[in-house]
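Next come two complexes, and both contain chain A; in the first it sits with chain B, in the second with chain C.
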Partner chain A sequence: MTAETVVGVGRRAAAADFRTCPYTGLKVDAAAQTLIKANAVAAVVFLLIGGLMGLLVALTRWPAVHLLPADWFYLVLTGHGANVLLFWIIFFEIAVLYFASAVLLNCRLPAPKFAWLGFALMVVGAIITNVVVLQGESSVMFTSYPPMMAKPNFYLGLILFAVGALIGCAIFFATLAIAKQERTYEGSIPLVTFGALTAAIIAVFTIASGAIILIPTWLWSLGLIGEIDPLMYKVVWWAMGHSSQQINVSAHVSIWYMVGALLLGAKPLSEKVSRTAFFLYILFLQLASAHHLLAEPGLTASWKIVNTSYMMYLAVLGSMIHGLTVPGSIEAAQRKNGYDKGVFEWLRKAPWGNPAFAGMFLSLVMFGFIGGISGVVLGTEQLNVLMHNTIYVPGHFHGTVVTGTTLAFMAGTYLVLPLIFQREIVWPKLAKIQPYLFGIGAAGISLFMMGAGTLGVARRHWDITFSDAELSFAHSAGAFLMMGLNGVFAILAALGGAIYVLVVVGTVLFGKKITAGHKLTFPLHAGGGAAVSQYGSHATTKLPGTIVLVAIFFVCFVLYYFINWKYLSELWLFR
Partner chain B sequence: MAVTPPAQRIWWNEPIERVELTWVIIAFLWGLFMFGFMIAWHFIGGQNLSREAYRIAPSKYEAKVEEFAKKHTVREEKGVPVVKPPAGSDIYILGRLWQWWPILELEKGQSYRVHISSIDWQHGFSLQPTNINIQVHPGYEHVITLTPTEAGEFGIVCNEFCGIGHHTMTGKIYVTEPKRAESGQRLADGR
Partner chain C sequence: MTNETETEQTPEHVPMMQQILDNPFLLLFLGVTIPTVLYILWGVMEVASIPLAD
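Moving on, here comes the complex of A and B:
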């Protein structure tokens, strides 16, 4: 059975319509190109909606502003989670999957009609969920823990969206199969495609877990099932909820490698090491459901320890490896490009004025330092009790999903606009400052939420003054200061987000059409696609700059880890 | 490049550069250490969450807590009983929309078997400013042996979203200085 009969409505190779990219030499299938555009546009629309909701949330949690009334706050918070964590990110990821398969492999996208069906399901699902959230009575938060119940359409929308995303994954796998069959590339798939494959495999696991829990929950909301056990729900729901964040990690690490390759001609230091690091994600990231169950009753310590550490931190090992190989490959490439003086000339003379590079490098650094380290600390069995459900938790995942994934996707967009939309970026000066504004804003909200959480401020909480509560409690002045600073930096991040949306929409609608011979405002590496693969091995280059960066990271990691153990040892005793 | 197939067709036989290998080994060993430290804390640390838990019908749990409160109430505060149980005994906390009930008065340095459960939705037991945070499920009675190590007035906040009144859900624990010198001694030994 060929891949074509598997997908049913395949196109013949001859029927596909290709153009050749003047900058990379890659063959771009017209159907793949249109689908990438559609998914990217949908992603940005939901980023706009979800981002606006995020700003409203932050302004409400700023004690001096306290913008929304309680019912609206909880409603908007529910919508914020669904729109940015699910819809923005997954639409963009589907675009990444199509790019990493069809475009990078010079292959046609099989069954584009089927891909459009997936897209339509995702759009319909996202709209249904948004409508039902805005109608009220479904302010159950993104996690929708039972016995709290949303309207049936809340779950239905998510299920439809997931089915659509699953179709996108199937198209991706089919493209890989067809590319191999039609020999559109030589040897093994590129590293970026390998990373995307990692993301797609984890996505299938994730969506299956989501189906296993959301379908019964939907039936429960319809009255067809009597009860959903709240603990069981959390175990299975988080196999979707947390593992889906690992799709993001795989996808944005792929984008880091891609930006390094296209802008600087970076080549992986070692294909073997980088691919093994991705493979560790596939093997171990699924265990992360336990991160949300460390403060729950009834689970044994051994279950918690094995699962929360991804089996002895082997998936963390994968991320730590990328933390060296990504900057390492960039340093090696820059030294080859002629910036070989001292320890840091390669970094100083990097294209910081190119938003694709700036966004990518900020994402790399902040994902590691903010999201990565806090994630390990939060996921340590005993330390979790210090921060469980405090605002430290959103602090951590804004460090991963906003400064990491979202910033990397924004960086990737500055390549998608000229290469796929074939439009020159409008307002390049705005585009230049965008990653910095957004990055600094997002880093600020992550750090200040983590700070407030360390001081005990609860997440998903409308009023930390407890003014309506019968028994009052007063948080420290420091906690209020942190929440205020969180609001200030949220405005900065929102400004960066608004500029991003403005530049993308402006470019798509009014950007100058790129024609043959056009010189890009933000140029790619001169080598372009195939020529660069003739580079010698980068392994011969010394990487002192990367060694310094990684050493700083490691020292911060160890120190912060033990500081938290010290905090824990000062708590009341419990066993 | 990362966007093109590997330059070496047989990429899996390429040697690994020393800097990469060193980092992989350091990161792996650090992971092993962190893994081991969680296990070690069960032996050397004083803060490990109990796994003792029971299935219980919410109505049954509510009855248990009410009986407990009736037995040991010493006064009332804003309509909520303040309960002072004997040291070392089983004590009960109930999470419901939207309060932690009842108020407890404990003695510093004494250990108590604290039972926690909810009778409606999930709640988050968050003891402040100490910052101990434990998830509370309806239908599950979690039993934790707790020893306060400081005296004073402590708040219990709810940090699991539980509906429109979530932010009004609070409770209180008073911890009094030990009356006898020996309990202070016991505390010092416990640490």
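Moving on, here comes the complex of A and C:
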């Protein structure tokens, strides 16, 4: 089959208002462009709120600082979770869905008024949840496990947000259908769009699961239902709580491919292999939700092991495929671009001064080494007991959601600003250092929380000195050191986050309007538009640098995995 | 000439796997059904089958 995306053969394309991007050659529907802008701006606003709350959490958990009183700590921790794990991420993901469908397929966005309704519901829901959290009496953490009960508007806000996001997904699917019907492309959709499709499918499962559990919980908080079974709640809630983070994985992997294509002209090594990896996500990634319930006595070992071991490992296989094919496609493109000497010239001469590339590559490396490896360890039933409910768990998911997703989304923003907002990036020197500051800070947060968790520090705990406990307990000096370093690196990450917000807001408000003939400060590859929007592989196996990187990854993976089994053997003595 | 025209008009064979991957609504069905059965339904049935304490 010839599967090429054909540009500009739409029969009803004239019905929409299009412009042609001077850098990519893609046709951009005005309605899609405005919605992408709105969702991206909302995302950054909630990142600012959630990031500030995260800094307050880290400064409170730093024993020498211990900033907030207990009630404020739990309030801010609840708000931090909702703002960064849901609102920042999902607003940005809706922007990614509209970009990957309408823009990459050269198609109009159907029913833009409906899309605005979804956006409005998301904004209203996010505001309601934030207000009710700040009012107090809803400090139930992101997970809001019964029998802890928040105010009804806490759940209502989340439900409205979820309905809005579901509308965004529906618009995405409708755009795919219309693009096919109007023949704005032929054959298969581009890989980046396929990755966004994966994210949208997982989003539908996530939001449906959220509705199944949050609607009765809302009714319970209103007094209309007598009881919510805590274990039943946990099972269904985690289908939303963890799967929502799997939307992120699919979306940020798409952004990795997109950045490689636009900046370096990178095509996938093999469309079939990369799509198969996304297909593994579609089938199995959501099942990793079960690893939150590995310590629950009410669920059988069969359910736990089938979901977290057999099925989750198939999704992990997908991630490892992307871990090979993303750097591989970049290496292949760089060698084609003339950087063909030795094993690593392609990497040394990559555009490290371009924040989109630096953010993307740091995200790729740190997601794999920190979030990925620790996720497999946590997802192993026997090893999970070593770290269950310790601060290792937030260490792991900061490795996935912050160093992986957030950094990738930040990288993507540096492309959205010139291509969609049509503004030149202000303060390029600040923008250049931003991914490094944020990436190193976020990596430190993840690693030191994981280190403290390995030493037994509990998650979601206001005071590790147990100063008001009747029975005293003292953590090791190492645990205190880890929590202090976590605070230091949180400041570094917050600085990187603040620069990101500053550059984005500055660019949107004051950035030079891009006109015809303007040369971008951070240029794109001449063939970037075609590489990102057309089906096609860069079939090569000459990837010595990638093979070395992947080999290093596997050695680290195997060593860390077996080190944890060694730890377990020391705790769990059979005599 | 006739043969060439016939060849051009013959629909190309699309491998089954590619047909699956090119159908977003089939993928949506699979991506919702499999975790619903393996994770939610199976998990809820296990919780529901826990005997109540006397």
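One rule holds in what follows: the second predicted complex is superposed on the first by the 546 of 575 C-alpha atoms of A that agree within 3 Å, B and C clash if a C-alpha of one lies under 4 Å from a C-alpha of the other, contacts with A are read in each partner's own complex, and residues count from 1 in each chain.
Note that a contact is a pair of C-beta atoms (placed from the backbone, for glycine too) under 8 Å apart; a residue touches a chain by one contact, two chains touch by 3 or more.
Just so it is clear, the model here is predicted, and its values are computed rather than measured.
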Looking at the overlay, what does A:Leu176 touch: chain B (first), chain C (second), both, or neither?
second
One more residue to check, A:Leu571. First (chain B), second (chain C), both or neither?
first
Give one of first, second, both or neither to describe whether A:Leu299 is in contact with chain B, with chain C, with both, or with none.
both
Report for A:Ser188: first if it touches chain B alone, second if chain C alone, otherwise both or neither.
both
What is the contact status of A:Asn389 with respect to chain B (first) and chain C (second): first, second, both, or neither?
first
Between chain B (first) and chain C (second), which does A:Phe279 come into contact with in this model arrangement: first, second, both, or neither?
second
Counting only touches as set out at the top, which of chain B and chain C does A:Val236 meet: first, second, both, neither?
second
Chain B or chain C: which reaches more residues on chain A?
B
Where on chain A do the contacts from chain B and from chain C line up?
187-189, 229, 231, 272, 298-300
What part of chain B is in contact with chain A in the complex they form?
1-9, 11-12, 14-17, 19-20, 23-24, 26-28, 30-32, 34-35, 37-39, 41-42, 45-51, 53, 77-80, 99, 103, 111, 116, 120-122, 124, 126-142, 144-150, 155, 157-164, 166-172, 190-191
How about chain C: which of its residues touch chain A in the complex?
12-15, 17-18, 20-22, 24-25, 27-28, 30-32, 34-36, 38-40, 42-44, 46-48, 50
What residues of chain A sit close enough to touch chain B in their complex?
24, 70-71, 74, 104, 141, 145, 147-148, 185-192, 229-231, 257-258, 260-262, 265-274, 294-301, 305, 308-309, 312-314, 316-317, 320-321, 324-325, 328-329, 376, 380-382, 385-390, 454-456, 458-464, 466, 468-473, 475-476, 529-530, 532-535, 537, 539, 543, 546-547, 550, 554, 557-558, 561, 565, 567-569, 571-575
Which part of chain A faces chain C closely enough to touch in the complex?
1-3, 173, 176-177, 187-189, 194, 197-198, 200-202, 204-205, 208-209, 212, 229, 231-232, 235-236, 239, 243, 272, 275-276, 279, 282-284, 286-287, 289-290, 293, 298-300, 303, 306-307, 311
